[in-house]
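Here come two complexes built around chain A, the first alongside chain B, the second alongside chain C.
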Partner chain A sequence: MSEIALKELLYKMADDQLILGHRNSEWTGMGPLLEEDIAFSSMAQDKVGQSLALYTLLNQLGESDPDTIAFTRNANQFHNCVLVELPNQEYDFSLIRHFLFDTAEALRFEMLTHSSYAPLAQLATKIRGELRYHTLHANTWIKQLGSATPESIGRLQKSLDYAMPYALGIFEVSPYEDDLIKSGIFEGEEKLKAQWVTKVEAIIAQTSLHLPDWKLVQPLSGGRQGNHSEHLQPLLDEMSEVFKIDPTAEW
Partner chain B sequence: MASLDPRVNRLPAITEFVSPKAPLDQFGTYEVFVQPKEGKAFQHEGIVHAPNLEMAYVLAKEAFTRRFTCSSLYVVDTREVFTSPMTEGEKNSYDFIEDGFEEEGTKVSFEIYHLAKRGKQHVHVGSVTASSPREAMVLAKAKFNTGKVVYNVWAIQSDKIRFTSEEEKELWLTLPEKKFRDASDYKGGDKLKEFLEKVK
Partner chain C sequence: MDEKILHILETVKDPEIPVLSLVDLGVITNVMVEGTNVVVTMTPTFVGCPAMNYMKSEVETALLQHGFEPRVEITFEKPWSSDLISEKGKAALKKYGLAPPPSNKIFTDLEILETAICPRCDGSNTEMKSPFGPTLCRALYYCHDCKEAFEQFKPL
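Let's turn to the complex of A and B:
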């Protein structure tokens, strides 16, 4: 088993969960209705918790402790896809991102329940209930608003068109892809993407929304290699602001 | 421009023509029932606003079961809940349900709930098969009335309920670990005491 390949996988997954968890938490107190505010905030909290679990696995493999990894790296040291760092804008975009990302996330962890790296397989099995709720939540909203009024459909369609190239960036292949597949750690981004396309198509087919021609969408990648948009560094600055006042403080 | 005073904004708009009444600007309500532990009875927890039954289920999950323990949840449109007369003191609500009913066709299952204490929640006691809510109440009286005071009885047609499926029960798998969501888990008092000791 190649440790460097495994670490790369864990870093990109953990960073995805942490950054999207933080982004989604920005809606806390400002959600479109009270019940949704609570649900979205809870799921954001789940994502940060999942990032902690993944950073803990990295720590067991010799990396720094989770707080240090999460709060002291610069943007170019993060391996999250660009999709998760984009600013929230309106709620329609946050919902579309939630749907596109969480569909991939749930499928990825489902694959990882069979990972040859046992600690990751155990984690994937343990959090399957959280992921089931996240996708149930996303699918229900998309089906609801994707076939409600001309305004809701139009808004979601616009956000879907905007987010799609970034969503394909989730599946940017790792330089260690073959290694991961051969060692049975992870079945690979290509296979994941194929499953994701099927799932996304199945949900969108139940709405008045349209998917673009997959062949014509140019994926916006680079995040996995540390090439990010201008939005990530300000997010990191804000997220680590309190931590950096006193890194040794106990909370 | 709309007024800064919400009372002014709530006034009906002045219209010159005959126009339809404005629709409600709020979602309808759905009743939420929670099973705190496998084997325990479902109890009424509260309501959520939602545009439909499935959305109500999704929203109820985090609104009512993000803390403590939960093994299952279900929701139903408030308009599907039929209630007996509310009583107090020593009066049993079942005594106000008159016997006799007219059968109205197909029999379906109804879930029955008791309010055993004023100010507490309705708790599920079982089900009956009846052709109307009224018939369900009468059958519930025969089946569940022990003479012990019940202040209120609810009857809900079972197939109107959005239940949690067997596979969905994993939704609450990690809930017992989320102790950090309880205010007491912060141990604020202990931390303050420790801090005050330190600065002494």
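Let's turn to the complex of A and C:
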């Protein structure tokens, strides 16, 4: 088993969960209706908790403790895809991102239930069940608002077109991709992407929305290598504010 | 699992659902006793459950009070599922006003969430309002029979 390949995989997954969890938490108190406020807050809690469990696996492999990993790195040391760090903007964008990312995330953890690295397979089995509620939430709203009024359809379509290049950045291949596949740790980004395309097409087909021609969308990658947008560092500064004032603070 | 230890752990309740013991909730997955040394294995209901550390320390406190030297380990080796809630636990949930979860085995797709039995009037004319509620393990429903909102402990 290639430990460096495994660590790289765990880092990018944990960072995705932490950063999108933080973005989701920004809807707390701001949701367009109470149930949505609660939904995004709950998904934030799930994702941040899942990131902690993944950072704990890294800690067991000899990396620093989870708080240090989460709160003391700079943007260029994060491996999340750029999609998850983009500001929430309007609710339509948050919803489209939630749909595109969580569909991939649910499929990724589903795949990892068969990972040859047992601690990850066990955790993935657990997380898979939780994510069903996230994809249920996303699919319900995409189907409903994607077939409702000209305004809701127009807004979602605009956000879908904007988000798609970033969404393809989720599947940026790792420099250790072959190692991961050969050792049975993870079946690989290409396979995941193919499953994701099928799933996304199946949901969008039930709406008045349309998908771009996949061949014409240029993926916006780089996040996995630490090349981020200008939006990540301010997010990290806010997230780590208390930790940086007092690393021993408890709450 | 050791009866005497389980009896002690029966007194430790879920901090968010104080009628439900950790044993009935199904989060205690193993107990090993050697003299006064007790190793308790626990697993969280949801990975992000913020009550986990609190429950862990409550277990330690309860065992210390009975003269044991406890060690609590948290693992995902035997993951929690709502099917691990005991019949006694399900009855306690209903009495508390929370609809107990339907069996996870029939939970093959999420359509099952569309129906829940109202814990107050036993009505089945209910509607899911949101798969997310006041805690990670609860969903929001409305009962059209007795016209009251209620929560369901989610199947997982």
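Just so we're on the same page, the second predicted complex is superposed on the first by the 251 of 251 C-alpha atoms of A that agree within 3 Å, B and C clash if a C-alpha of one lies under 4 Å from a C-alpha of the other, contacts with A are read in each partner's own complex, and residues count from 1 in each chain.
One rule holds for everything that comes next: a contact is a pair of C-beta atoms (placed from the backbone, for glycine too) under 8 Å apart; a residue touches a chain by one contact, two chains touch by 3 or more.
Computed from a predicted structure; not experimentally measured.
Student: Classify the contacts of A:35 with the two partner chains as first (chain B alone), second (chain C alone), both, or neither.
Tutor: A:35 contacts both chain B and chain C.
Student: With both complexes superposed on chain A, which partner does A:242 reach: first (chain B), second (chain C), both or neither?
Tutor: Neither chain B nor chain C is touched by A:242.
Student: For A:132, decide between first (touching chain B), second (touching chain C), both and neither.
Tutor: both
Student: So, A:4: does it touch chain B (first), chain C (second), both, or neither?
Tutor: Neither chain B nor chain C is touched by A:4.
Student: Determine, under the contact definition given at the top, whether A:202 touches first (chain B), second (chain C), both, or neither.
Tutor: After superposition on chain A, A:202 lies in contact with neither partner.
Student: Who does A:144 touch here: chain B (first), chain C (second), both, or neither?
Tutor: Only chain B; A:144 stays clear of chain C.
Student: From the superposed pair, tell me which chain A residues show up as contacts to chain B and also as contacts to chain C.
Tutor: 35, 38-39, 42-43, 126-127, 129-130, 132-133, 136-137
Student: Along chain B, where are the residues that touch chain A in the complex?
Tutor: That would be residues 27, 48-52, 54-55, 58-63, 66, 168, 170-174 of chain B.
Student: Which of the residues in chain A come into contact with chain B in the complex?
Tutor: 33-36, 38-39, 42-43, 126-130, 132-133, 136-137, 140-141, 144, 148
Student: List the residues on chain C that touch chain A in their complex, please.
Tutor: 46-50, 75-77, 79-81, 110, 113, 129-134, 136, 140, 154, 156
Student: State the interface residues of chain A toward chain C in the complex, per the touch definition above.
Tutor: The touching residues are 35, 38-39, 41-43, 45-50, 52-53, 119, 122-123, 125-127, 129-130, 132-133, 136-137.
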